[in-house]
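Okay, so subunit A shows up in both of these, paired with subunit B first and subunit C after.
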Partner chain A sequence: MVENRPILTLVSHLVLIFGVVLVALPIWITFVAATHDAVRMTQAPIPLLPGTHFLENLKATLFGSGLSSAEAAPVWRMLLNSLAMALMIAFGKIVISLLSAFAIVYFKFPFRMGFFWLIFITLMLPVEVRILPTFEVVANLGMLNSYWGLTVPLIASATATFMFRQVFLTIPDEMLESARIDGAGPMRFFIDILVPLSRTNIAALFVILFIYGWNQYLWPLLITTDNDMTTIVMSIKQMLEAAEQSPQWNIIMMTALLAMIPPVFVVIAMQKLFVQGLTETDK
Partner chain B sequence: MLKRVHFPSSALPFLLVAPQIIITLVFFIWPAAQAIYQSFLIEDAFGLSTEFVWFENFQILFQDKQYLATFWRTLFFSAAVAILSMSIALILAAFADRVVRGATAYRTLMIWPYAVAPVLAGALWVFMFNPTLGIFPFLLDMVGLDWNHYLKGSHAMMLVIFAAAWKQIAYNFLFYLAAMQSIPRSVIEAAAIDGAGPVRRFKDLIFPLISPTTFFLLVINAVYAFFDTFGIIHAVTQGGPANSTTILVYKVFNDGFVGLDLGGSAAQSVILMFLVITMTVVQFRYVERKVEY
Partner chain C sequence: MASITLKDLVKAYGDTEVLHHIDGQIEDGEFVVIVGPSGCGKSTLLRMVAGLETVTGGEIHIGDRVVNELEPADRDIAMVFQNYALYPHMSVRENMAYGLKIRKISKDEINRRVEEAADILEIRPYLERKPRQLSGGQRQRVAMGRAIVRDPQVFLFDEPLSNLDAKLRVQMRLEIRKLQQKLGVTSIYVTHDQVEAMTLGDRLMVLNGGYVEQFGTPIELYDRPETMFVAGFIGSPAMNFLPAEVANGVTTLSNGAQLGVAQGQGNVVLGVRPEHLEPQEDGAIEVQVQLMEQLGANTLLHGALKGTDTEMVVSLPGHVTAAPGTEMKFGAAPENMHFFAPDTQKRIE
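Right, the complex of A and B next:
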């Protein structure tokens, strides 16, 4: 602090507390809604303090059919799908980006820069701008309604490749020289030296990519028609639609809560890695 | 780029880049090329024959009042989201930078909406603003305002802007706070010794010094509002009422998957590609000129 101004410090805290309330309010209301029974949630104004039905709602949401529409998959199944999708995307992106960054930084081979630019271009082609043709490709490959279709088209990653490239460039050349003197081949060098040296970067990237994968919406919406493949994030939209007929807001908000707990937990538990990952991948 | 000490060429590097390159070609380059190709085609009403029409699809789009309206609406939406969430984040970061005790605690409490999926953010806000149950319509009703985003386009637009901006506050806050904390304390102390009060220091010193961050965030927020808000729109308003919240990405999806207008949807995709490329180039040019104090 530069100077001592108690009043300004007080104001600072008040503004920040207001900010925290503003940021947290939607989540608080969601939590509160998930702790009341369905009847209470149909009476306006809705409560602002938690009720006593939390465990009941949790059980009904996880193991009941969620909302009474019979075709939907159970919520635990959707959570599992989301988890599988998020993990496959995160691992897939990290592995293929590590490998290609390794090739581009440590090998001299024809078309090296060509490959680099090809990977760079993917930055400019988010799913949203090539929805229909990408869907057709996946459909022609018979990958609709499968984990492969959900994840493989998303795991090419220019940002991750760039990040690992930067990391590898900071590793001193002497590392490779001494590894070679000791008789290590390229893959040995990669597995025993490069990967361990970049493990905090890998962890930071994993946090970001897990959230990215978990929160995918448009892509699973296109690829999955089978209820067994629905992800938890997708299911919210179907529930909101169903809510127009039978508003079971307690169940809907419980599902929303379950859908946001894993990524939010990851952010809070691994805050340092998260901040590092965010600033590294975007800059 | 290449290490001074490196391995000689062999089949190995090709094998190493192969997974990335194959996925890129199959799921990125090929579909993008398809989109460009299809944007030059018009299919007849029965889907029996297609005709190569050069730029007719684009001409149709640029003469289509609805498309132009969507275009301007998207710009308005992006600007509103960026300005709203960046200014809230800037104010909060400025105060958090001042606070010595508890700055990290505030950061922890402020950053986690980043992890909430856009569609969930939409669901939370649509619940809070539900005309019959929501807490805000209840409060607004007391001051005589009748909130109904199902009927009023302006209300629907405000709601999606709120939801989109709320989710982005965390991200902007994090970058603003990091930028402010990287300003050397000596500069700020020198200004304080010269008699500049907190407001003056913020206005004449801190804000200009973090302007590169502001610019960077402007680009990031624009990209976010253009492309990542699909979930919010889809969950909250489905582009309605009467298209009042249809933005470009939503229209591509809707015309392609619901309307099945392949050529038109492809032409829209191509326009979006140009927009992303422009934004990416702007972003990378910025990265090259790093902040200098």
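Right, the complex of A and C next:
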């Protein structure tokens, strides 16, 4: 709509600004809280302007054991755990679903469509639904308190397989035929042609899956008992519980702030490819 | 270089046979065009030679090898596709080099060959560009370059010019022909455009409904079409077909006019090309003109055989004016009159 009505422009801007403030205010308060000392944060009214303790809090949060009372791992360790988990889930899901989609689209094997529908049905079975049997399997495999236990059960992805299947179906048959005449075998074709052609879709999926992995809460809570394996998202909940006794809001807010940064960074870094991947249609 | 032999070649998809017992011999260095209407099986035949379609029956020989079971890469062929099928994420250079890289040819040799081909095709300035940064004609050249660098025994083309505009098509057509003559590589070229087929091919294989109608030089096809299909397909505007009856060496047209030239006996179809009809005072073929098309070099008269509704076209050199309704008399040289049997559609001698 290209219209030039001042009132309309004003109103739509007001609505948008209101929306931005609504979203940004809690983040701002988190940031402000992370820059004051613990004492200031317990006094009313809560501050709305940044204080002077930012670096101090950052250091205490990253390298101290988070909350002084708890025997938790330092926050840098939790960040590392979360990062490892998110990356392993994102990469694992992408690799597995690329390969499954490749098999389903380009190979004729018995019960091909059967397999496709089997994969499809797992859409109805997210971790939360199969959590007890999955836990049992992971425990029996001795993967409790390990990165494998954290990630492997989350890696299979029907959505991503389905998406890559659609991407591959848009790639003209001549591409495969050309490659065959050029003498490329199946894996060569996959690596040299298919993967580069799906580049933007892979990037878009990576963003979504990274955030999905980063935000995992229930599964890590169940599978890790060792403090060294705590993820950042779990720790925020634990800190809130601890805050009942000794409210160290500056540290809690600093942790929350740190937990937000990697997903934001991934989104910003991949933004261009991400948009291309979701909108571009031709190959 | 190599010859290609097709022996009793059959292709079926499930129960439907789309190519019926094709035989043919393509000589070393020859340029053969497969031509026919849409859906007649041209692409299927070409793709069988390429190894992209399985062979249901019969044999394909390239050189002295039976290649039925060989992978496309092992047949020593190169193919140019209608939509070029360039790899969009690779530069022109990488596109051309890809097949050579897979064959583990040395870097220097690859560069030498790619640049040589690029010079022949005049695409050197574009070597580092991506295909989407090229025009249709340039992409077409790259696709040909990709075929050339491989230095194959056989070139296969599947309607490589049909995505280009008319002018560029004529230009590229000539270039393909020159290139093939220079390189002397045995080539099979598929098209549904009979003008393209006539200008390019040493010999033409006319396919119709999965059968070979005729396999010969353009002039043979034009002068002595073996079937009514070939007669109607080759030449533009298409040959006129007049139902007629032959008795005692006299041909009687459906309006009663009689000609002294005849072949066969009983019901026949007389075929005369529009450009072979000459105005004659006592011509037996009388045409009632309905429409006139002035093309500059020649004039087309559309009308009907007088007294019937058999449509006819006459092509006369230069400028001719004829008002609608005019009746004109034409004759034709005996060697330009073709007789066909209406039931088998075959030529009668």
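We adopt the following convention: the second predicted complex is superposed on the first by the 263 of 283 C-alpha atoms of A that agree within 3 Å, B and C clash if a C-alpha of one lies under 4 Å from a C-alpha of the other, contacts with A are read in each partner's own complex, and residues count from 1 in each chain.
One rule holds for everything that comes next: a residue touches a chain if its C-beta (ideal position, glycine included) is under 8 Å from a C-beta of that chain, and two chains touch if they have at least 3 such contacts.
Being a predicted model, the structure only gives us computed values, none of them experimental.
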{"item": "Partner chain in contact with A:225 - subunit B first, subunit C second, else both or neither", "value": "neither"}
{"item": "Which of subunit B and subunit C A:177 touches, first, second, both or neither", "value": "both"}
{"item": "Touched partner set for A:46, first subunit B, second subunit C, both or neither", "value": "first"}
{"item": "Touched subunit A residues, subunit B compared with subunit C", "value": "B"}
{"item": "Partner chain(s) touched by A:196 [first = subunit B, second = subunit C, both, neither]", "value": "second"}
{"item": "Which of subunit B and subunit C A:188 touches, first, second, both or neither", "value": "second"}
{"item": "Subunit C-contacting residues of subunit A that also contact subunit B", "value": "177, 283"}
{"item": "For the subunit A and subunit C complex, residues of the former touching the latter", "value": "172, 174-175, 177-178, 180-184, 188, 192-193, 196-197, 199, 283"}
{"item": "Interface residues, subunit C side, partner subunit A - complex", "value": "50-52, 71-74, 77-79, 81, 83, 85-89, 98-99, 102-103"}
{"item": "Touch list for subunit B against partner subunit A, complex", "value": "1-10, 12-14, 16-17, 19-21, 23-32, 34-35, 38, 88, 91-92, 95-96, 98-100, 102, 106-121, 123-128, 132-135, 138, 166, 169-171, 174-175, 178, 185, 188-189, 192, 198, 201, 216, 220, 227, 230-231, 234-235, 249, 252-253, 256-257, 262, 265-266, 269, 272-273, 276-277, 280, 287"}
{"item": "Subunit A - residues contacting subunit B, complex", "value": "1-3, 5, 8-9, 11-13, 15-16, 19-20, 22-27, 29-30, 33, 41-42, 44-46, 48, 95-97, 99-100, 102-110, 112-113, 115-116, 118-119, 121-126, 128-134, 136-138, 152-153, 155-157, 161, 168-169, 173, 176-177, 186-187, 211, 214-215, 217-218, 221-222, 233-234, 236-237, 240, 247, 249, 252-253, 256, 259-260, 263-264, 266-268, 271, 274-275, 278-279, 282-283"}
